[in-house]
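Both of the next two complexes hold chain A, though its partner changes from chain B to chain C.
Let's look at the complex of A and B:
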């Protein structure tokens, strides 16, 4: 089979959000759309699927196996869901029902589930085992890591044998290893003769998938071609800009400074013989860490390795099981600040931003002019402060969080995955703003990240944490089961 | 290699933890409620001995002499703190004492009252859940639709109508005018209808509102959308995902409303002459039957604890997520 998208236009009131002429999809040939947030790439995927938000209108048509679907009718593809086309959701942790075991959530996607539920459960069990999750088939979602949840979601989306798989930002929040696993899963779908459309801002994922890459900007596709060519010799200026935004290609003045201070610089945070276990798993033991003034350090390691926990122990937000943490006097009075992964959770949702900042200024008797100065130097208009946190973009909100931390002229900033939810260009802008301030104020920085390229670009010293164990994947078994499913269909 | 064995206390099974916490709470409730009851009865106006004598011998026979006899017999002239300590001591040995008025064993009568109150509360709860949750789920199917507006009206109407007034209206309509249901009595299924309905009306409105909001919110969730794109039909998505997750919210809310239910039980039992704890409590207060007041008040408080325990266990059964998160990895 093949799939062809004709003249898709998605609009909201008067503004056009997606405008794409023709797109062809073939079996076994991945198509990946890259671009920054707000370029319309996710909307394109949802327009094909028929899952656009109700306030958006779509025009155009989708041809599939000789049938043509009018995209303005969002209901005409409902019957195809799970059987002909399927969606791998953005955040698998949210896409799994928190009250249902993994195997059940996979089994219910099988076409035979209503007729023969125990057969569907057996199929789901085999499929999960083939993905290396045999031990987790009875697990509830909250016990799964991001990568494991992604594999469960993949099993649930593909058990119905749908040849068309649409993956919407599937690597959001995944570390390098989980992303490689994800690429492997998506390739399995292709090897089984499937059609794959991936929406991502992660160029590494696009590289790993290969096939065709489409670059989208402001509702239009600005460049398309083979992945190898587009991602190495970009023709369009925007594609070049996108590639330059990858941390490995950064070239900023602050990156050359902040060298490790000579031994004997003032120790701001010193932890001795730290141990912490969680849920029966020893995260780290007998670990000694010293953070000195003006230093830039990263805490690295895959998700689940305990880097956030170590950070919280060093900040004295969590007590260690053994050992002690000492903070220098220089950190008193709010001169130790933390940036959170999701800024939306770091601001009170129903309070206007200006009030949140006003509280900080009053509490620490700061000059209000300093806020204006920082807003200007981070490229934000003062009008943003009249809004609530939900009304500004994720990148802007993270920059506001940086301003809130920097208002206090901290001696140490602790940034916990501050950009892992942002697209490449926004990430570069945000990190540049942060580092500009770190550089100017000469404060120390601890960066928690699973992105090695980002850690290399920003910090000079790395504290690596343990590698978690993963079950080996039995890809052959998966391929066998896929074939079997198609024969049955 | 040095074997470093880190022995960590295995976390108790959640159900066991709930039972343990609730057991501690029950003990605390018993002491607080009985002490408070005692203090309130002591501070009521009027001579207790006279009231008890009136209960025993009838108003016509109450004289200073008979009151003195009662006072001497029951030790009512002792200091209040001694009487309280006596009661608490008896309570620890599970001796609830005898009624000051009838002389009957309080514990024996209490069992009957407790079970009939529990029956009434359970019937009302089931009725309120059946009507409220169904109404709410249907209202959520079309927000802003006719049914949605009816439930909104139902909620405010039901909350504005206190149970004693609603009970009277129901008696007037169904017992006096239509004559289809008994106004009082106990023992037959038809006796349940009016008191349970009186209690259920107010609760069902609240349950409908909470169900409606929960269902509407869950329908927008990522996992419901994912279930749909997996290929599940609307009915399966509702049965397998919306229903259970709504239950999580609804059960927690039912727990909060238990106090309102028990409060209603006291009023409704008196109104329909239902031989339960509330009815017994009101009569015991009237006759200053201190052991009976204390026992029924404690039993009502324990009923709240018992129902809350059931609610806790129910929400544990359908929601596996941990209640407290110690470490974020």
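Let's look at the complex of A and C:
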């Protein structure tokens, strides 16, 4: 079978969000759409599925197996879901039903479920075992790691035998190893003769999948071709811009690649003989860390290796099980600041940003002009301050968080995965803003990241972390439990 | 004080704050959009306003609720006596006005007390933790284990059914829900990264209270208080109805219904009037509540 998309236009009021002429999909040949957030790539996937939000209108048609579907009718493809086409959702940990065991929710996707539920459960069990999740088939989603939840979601999406699989940002929140596993799963679907459409801003995933790559910008496809060609010799300036935004290709004044480690200033934070365990698992033991003034250090390692925990111990937000952490006097009075992975959670959610910033300025008797100056130099309009955190995009909010941290002229900034939820171009802009300020103020930076290329581009010294003496599955399950424990705490 | 001390008012009015940053052009912020309520909510508010007006002005217009005139017992409604007279010849409208006033005042006092005590306890427990939290939590669980009616009965028995015992009993049976909700919600907010960041920024407890906790708790507390006023009024009249609430001859809605029941065939307006007031208050509060819940 083949699938063909004709003249798709998705619009909202007067603005066009997607405008694509013709797209052909063939069995066994992956199609990957890349582009920054807001380019309309996810909407394209949802227009094909028939899951667009009700306030958007779609035009165009979808030809499949000799049948043609009018895309303006959202309901006419509902009968195909699960049997002919299925969607692998973003952040599967959130998409799975938290109250159902893995095997149960996978079984629900089987076509035979209503007629023969025990047969469907057996099929689900076999499928999960084939994906290496036999031991986790009775597990609830919150006990699974990001990679495992991704595999359960994959099983649920494919158990109905749908030849068309649409994966929407499937690698969001996954570390490198989990992403490689994911690419393996998607290739598994292709090897079975399936059609695959992947929406991602992760160029590494696009490289691993191969096939065709489409670059989308402002509702239009600006370039398409073989993955190898598009991602090595881009023709369109926007594709070149996208490739340059990968941390490995950065070329900024503050980039640390190849530079010698900074000459140590005075020690700002010194931890001696630190140990921390969570849920009976040792994250690190007898670890000594010193962070000096003006230094740029990264904490690396796969998810669940204790990066964030070590950071919190060093910030004295969490007591270590053994050892002690000493802070220099230079860090007193708010001169130690932290940036969070999800900036929306780092601001009080129900008040406008102006109030949050006003409190900082009043408390520390700062010059209000300083806020204005910082906002201008980070390319933000003052009108943003009249919004609540939830009404500002992730990239802009992270820049506002950088401003808030920099208002106090910190001696040390601790950035916990500050860009892992942002697309490449926004990531580069955000990191550039951060490093600009770090350079200007000469403060020390600790960057937590699982992205080695980013760590290499920004910092010179690395503190690698990893869990020893554990099976991979246990590590992940443990990481998930730990996250859960942190939330409940 | 820093030059920005009036920043908040500045944003509210959309004007630059007094002595604040003159160069920062603030787009007029609509801080709390006044969502026009539905027609149902308009009617509910109007009904409640009528009841409140009746409770405020009624006792002044008909001050003598206890004057008996046995020769005019069970008199039918007339222009002078819109609801007629009861079996002792007392003015029903005067009794109804005083009863409504009593119910509303008692309910508001009980809810205000329970809300203040429960919120304060919940905030202290969530913020301080440790033995204070354990103690307050234990106390709240002890109250949860006791039926609310039993608490009120114990208090009535202590002081022979005085008004203040009813007030204390109702408030005591209600503070627990505020305490538990505020404690659970604040613990969640206080453990979040936003409060952690506020700590690193050295913003202090007033900021945490004003910007993090209060905006989060306010909608929940309004909803609970609206609902609490309704249930307090109902509880008070239930107690009156079964004869363990306010003692006669004080007019009370539940008590009035009980007293009027034997004469239902001769004077149905006597029992229907307090029922109508109760229904109006409860329907009004419940219809308003849906508006609160959506915020």
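Operating definition for what follows: the second predicted complex is superposed on the first by the 457 of 489 C-alpha atoms of A that agree within 3 Å, B and C clash if a C-alpha of one lies under 4 Å from a C-alpha of the other, contacts with A are read in each partner's own complex, and residues count from 1 in each chain.
Here is the rule we use: a residue touches a chain if its C-beta (ideal position, glycine included) is under 8 Å from a C-beta of that chain, and two chains touch if they have at least 3 such contacts.
Keep in mind it's a predicted model, so treat the numbers as computed, not measured.
Quick check on the chain A-based superposition: chain B and chain C, clash or fit?
Pair status: clash.
Going by the contact rule set out at the top, does A:277 touch chain B (first), chain C (second), both, or neither?
After superposing on A, A:277 lies in contact with chain B but is clear of chain C.
Looking at A:294 after the superposition, I want to know if it touches chain B, chain C, both of them or none. Which is it: first, second, both, neither?
The answer is neither, since A:294 touches no partner chain.
Identify the partner contact of A:365: answer first if only chain B is touched, second if only chain C is, both if each is, neither if none is.
second
Which partner does A:418 reach: the first (chain B), the second (chain C), both, or neither?
In the superposed model, A:418 contacts neither chain B nor chain C.
Tell me the contact category for A:354 with respect to chain B and chain C: first, second, both or neither.
second
Which partner does A:395 reach: the first (chain B), the second (chain C), both, or neither?
Touch partners of A:395: none, neither chain B nor chain C.
Which chain A residues contact chain B in one complex and chain C in the other?
Correct list for chain A: none, the interfaces share no residue.
Using the touch definition up top, name the residues of chain A that touch chain C in the complex.
Per the touch definition, chain A meets chain C at residues 315, 317, 333-334, 336-338, 340, 342, 345-352, 354-356, 358-366, 368-369, 371-372, 382-383, 385-386, 404, 408, 489.
Quick check: in the complex, which residue numbers of chain B touch chain A?
4, 6, 8, 221-223, 225-232, 236, 240-241, 244-245, 248, 318-322, 326-329
Which positions of chain A touch chain B when the two form their complex?
49, 51, 78, 81-83, 86-87, 89-91, 94-100, 108-109, 111, 114, 140, 142, 153, 156-157, 160, 162, 276-280, 282-283, 285, 303-306, 308-309, 312, 318, 321
Enumerate the contact residues on chain C facing chain A in the complex.
1-5, 7-8, 11, 20-21, 23-27, 29, 31, 191-194, 196-198, 200-204, 207, 211-212, 215-216
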